[in-house]
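Chain naming follows the written order as A, B, C and D, and within any one chain the residues start at number 1.
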Amino acid sequence: MVVIGPVDELVRKIITPKKKISFGGAALFLKPMEVVREIIRQEIKGLKIYTLIGDLDIDLLLGVNAIKELHASYVGLPMVGMAKHFRTAIEKEQSVVFKEWTELSMVRAFQAGAIGTPAIMLRTLLGSDLVKIRDDFEEVTYKGKMYIQVPAIVPDLAIVHAYAADKNGNVYYPKHHALDEFSTLPAHCAKELFVTVEKIITNEEGRDLIKNGQSTMFSSIDTDYIAEAPRGAWPSGFPPFYASDMGHIMTYSGMAQMPETFQMYLQEYIFGEKEEN
Amino acid sequence: MVVIGPVDELVRKIITPKKKISFGGAALFLKPMEVVREIIRQEIKGLKIYTLIGDLDIDLLLGVNAIKELHASYVGLPMVGMAKHFRTAIEKEQSVVFKEWTELSMVRAFQAGAIGTPAIMLRTLLGSDLVKIRDDFEEVTYKGKMYIQVPAIVPDLAIVHAYAADKNGNVYYPKHHALDEFSTLPAHCAKELFVTVEKIITNEEGRDLIKNGQSTMFSSIDTDYIAEAPRGAWPSGFPPFYASDMGHIMTYSGMAQMPETFQMYLQEYIFGEKEEN
Amino acid sequence: MSSEYTPIDQIVVSLSREINNNETCYTGIAIPSAVVAVQLARMTHAPNLKFFYGGYWINPDLDVDLFTIMTDTEAFRNSISKAQGFSHLIRLYEYWEGPKHTLSFGFIRPAQIDQFGNINNSVIGDPNHPKFRFPGGAAAGDISNACSRVIAYVPRHDARTFVEKVDFITGKGASPEWRKRVGLDNYTGIASIITDLGILDFNSPSGTMRVRSIHEFSTTEEIRENTGFDLEIPPDVPTTEVPTQVELEVLRTKADPLEIRNFDSRNR
Amino acid sequence: MSSEYTPIDQIVVSLSREINNNETCYTGIAIPSAVVAVQLARMTHAPNLKFFYGGYWINPDLDVDLFTIMTDTEAFRNSISKAQGFSHLIRLYEYWEGPKHTLSFGFIRPAQIDQFGNINNSVIGDPNHPKFRFPGGAAAGDISNACSRVIAYVPRHDARTFVEKVDFITGKGASPEWRKRVGLDNYTGIASIITDLGILDFNSPSGTMRVRSIHEFSTTEEIRENTGFDLEIPPDVPTTEVPTQVELEVLRTKADPLEIRNFDSRNR
């Protein structure tokens, strides 16, 4: 049965060091930012994070040294610049083990995890030095053709942000958005699923959404934990409800450059009184 | 660019002996029956057919000896009885090579074909004698665990029936149907896609469907050939538009028992004047 | 309403009692008694069962007959807004081997079954030139390794179906040792078999098939005569609990008013 | 409207001219000049280009700025009913290696590129303890083996970017012999590179990088000085065709009124 509760309680209960956690969203869209902030507030460390395209979520967590191992195909602030703490953590502090994937290989590894196959062959990795440095990427031959076989990703927990959830645990997101599969990919492969939503609705309201042409993004079979977090993806974008807050991302990018200003950012936007976004 | 034309012309043009062809639908739902009938009218033989769950489509084609090799997890007339010509072709005439899959292994082989991976590992086939008689099913070990690896299915052509297509080649089917993925699975893995539709609509009508909450079942990128075939799935069902015609399936089942009555069936329902269904 | 009941009524009621509340399952659409048994369970002792139907609906409206949903277009439309949730066929196939171990049980109607619970829905005779070609296993070969347990049913218990050794293994049986060796010990395979004569399982000392109970209208001798091998019949084998008045009434008026279950007695 | 144009204008216009009508492509969202070039091509010589945007829309409405779609919720809603089609992100990922060989071209903005067209968007120095960590390749490592050809662009042509041998191969270069050997000969890898100094390709006798044309505001010497290896410059190397009045007007008023392309000059 799905557990519905406040973000802080659920984070305290289910996010523990060493857990393998995948994040929904990509590239400043649909990120589970309220959970990221709560992880920082609760000073949880030692996480192993999987995200297709990391941005503010990852840079914040690296800034407070919460991540021990990171898997992604890209970490940066698209249209704004480099992710400062990502560089520092790797180049100077060597405080994180970073495993780079290509976008397609990571997508295939998520898909393999979801269907329960332990590894999958693809060809776009051929010729890449990633194969040389990743001991879990293997060159194989099938019927005389070369492939790279990558292992499935099976996180202990997936965390995604979505539009609404009913009391049964069905999760809704309007059709004709561009990006929901950036969240279902890292969710379907995980052993447990934690969804934050803009709002919790009644089962009847859920059925009305269905009648009006929506489908469920996750069914009650998929979800384990649900918390209400209005504007929970902010400052990443959540189309069609709110855009990526590029002004805020630029502010962050500036304040991330020095430890002192980063602390000010944390105080103002994470530890301080929660303001209306 | 998509080619839009009459069923008979397109069948003449693209369905040739030895082609590997996958059929959409399953178990008396969403079968491309008008194309099946046209294949019989044009006396095309020597086909290699892939279908997850075969029924009237396969039994008709086997009755006129059109299939040389058949891949499926089941061939029968659900709720009605055995598929007469399927049994005769295998037990008596040995006129068809039948390759049995399990449902999941065939689904995985379709999925592997769609993503371009040449083979895929699964576990539900473990212990099955299918592994012993299929030389393309291979027992493999990955990280100490046993799997059966099955080859991807990549048909030359997929044939499916859907609701509507616009002039650009976008294909529509209402949301909240149960069964569309029985057609997208065998379609996405194929090199070419032939879609029959209840009706051809204008691009504007297509956009109206989108505005009213529908999505495209296939995009214009996917489709190669489109033909209008009203009630083209009949007598298989096409929810929510028409139900499986169980009365007709029972009639067929009866008439399939003897060569003479089967000829009468062909005359009346396939070679005869097309009647209003 | 009559309290008389048919063998197929007993089969459906017994199938339904194998289902526990709060489990998750799906059924194929070509095994009518299983679909009816799920409906009966949901209407009686298992209201919280999570049930996929048609690979899409989760817990479709109990007021709508499941077969009507698939054959009546208006009922299909109405059912949409009353289900407890919606999934996708592709997602259902993910559950079979996915990380969550979602499916509690599935159903199989075997054409042949042997003393170890191996089932054959494929062929009799040489697989390449079979004497008899069954329709094929569909998911039968998969679900013994994808659902925590499998509930089998056989509408007519006879020695052609219950054989010492199946001609062909479409789906692996209970075989706990084999399951342990290949790492499938989370999946017990066939846990029970409901027939028109009794209920069978593999809880014998040797792990081969035994009689768990005998329906009130059949006998030890009948089961023995109609089984092609020596199956264990405990001396104190009980009589199957007969269908209750409530079960029969729900079955006849709500779970299966169209008597879809009788397709199983006609077609084998 | 001024006929003066900036180097980034030349880059976008040259990128757009690499696109042929009736091809199929998608772009990532973090390479702004590529997105703008696709819009420009669709508005000028390639109206039938099939273009995925955001992994979902096919041929979004030309009247709506693509970046506005993603950041303005009302524009997002309106754009839905005007696109030429819709697909799914998952389906787009299928096209990368699926049976249809769908994608004609893709774009890469390399952090390093060498004389063979190998690109590095990963690290400088020891991969395990890098001196410099780039954001990562995202799809750059995939698309050279998934799109028929790749069009690269470099907003600032310098010797740190154009190196003799990349520190790390994130994505394999042109290398026709290697492609033949591993069975990737349907994919040519990087076919052309547009920089702020000129256009480069691999059509030299040795298959290494050569200058195809030089922008009217730059020189042979400039290119040679800002390239970390000896690249081939044919004696009769032409001047790049300058942007036409029509191209500049469409670019400024319709394809990129918000000057998103300038993000590429600011961030590298």
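Throughout what follows, a contact is a pair of C-beta atoms (placed from the backbone, for glycine too) under 8 Å apart; a residue touches a chain by one contact, two chains touch by 3 or more.
Note that the structure is predicted; figures quoted are calculated from it, not measured.
Trainee: Which chains, if any, touch subunit A and subunit B both?
Mentor: Touching subunit A and subunit B alike, sorted by label: C, D.
Trainee: Looking only at C-beta pairs that count as contacts, which pair of chains has more of them, B-C or B-D?
Mentor: More contacting C-beta pairs are found at B-C.
Trainee: How far is the middle of subunit B from the middle of subunit C, if each middle is the mean of its Cα atoms, in Å?
Mentor: Here the centre of subunit C sits 27 Å away from the centre of subunit B.
Trainee: Using CA atom averages as chain centres, what separation in Å is found between subunit A and subunit C?
Mentor: 41
Trainee: Report, in whole Å, the distance between the mean C-alpha point of subunit C and the mean C-alpha point of subunit D.
Mentor: 57
Trainee: Using the touch rule from the top of the page, what residues of subunit B touch 2 or more other chains?
Mentor: 115-117, 122-123, 145, 176, 210, 215 - these are the residues of subunit B that touch more than one other chain.
Trainee: What are the residue numbers in subunit D that touch two or more other chains?
Mentor: Answer for subunit D, listing residues that touch two or more other chains: 80, 86, 93, 96-97.
Trainee: Which pairs of chains touch each other in this structure?
Mentor: Applying the touch criterion to every chain pair yields A-B, A-C, A-D, B-C, B-D.
Trainee: Taking the touch rule as given, give the residues of subunit A at its contact with subunit D in the complex, in rising order.
Mentor: Those residues of subunit A that touch subunit D are 27, 29, 53, 72-76, 78-83, 86-87, 90-91, 94, 98, 100, 102-105, 107, 122-130, 133, 145-146, 176-179, 181-182, 185, 237, 239-244, 246.
Trainee: For a test of understanding, state which residues of subunit B touch subunit A in their complex under the given definition.
Mentor: Within the complex, subunit B touches subunit A at residues 108, 111, 115-123, 142-143, 145, 147, 175-176, 210, 212-215.
Trainee: Flag every residue of subunit C that touches subunit A in the complex, lowest number first.
Mentor: My answer: residues 22, 24, 50, 58, 80-82, 84-87, 91, 93-100, 102.
Trainee: Show which residues of subunit C lie in contact with subunit B when the two form their complex.
Mentor: Residues 29-30, 32, 53-57, 70-73, 76-77, 80, 86, 88-90, 93, 96-97, 122, 127-133, 135-146, 168-172, 175, 178, 182-184, 260, 263, 267.
Trainee: Which residues, counting only subunit B, touch subunit D once they are in their complex?
Mentor: Residues 1, 113-117, 154, 168-170, 188-191, 203, 207-208, 210-211, 215-216, 219-222.
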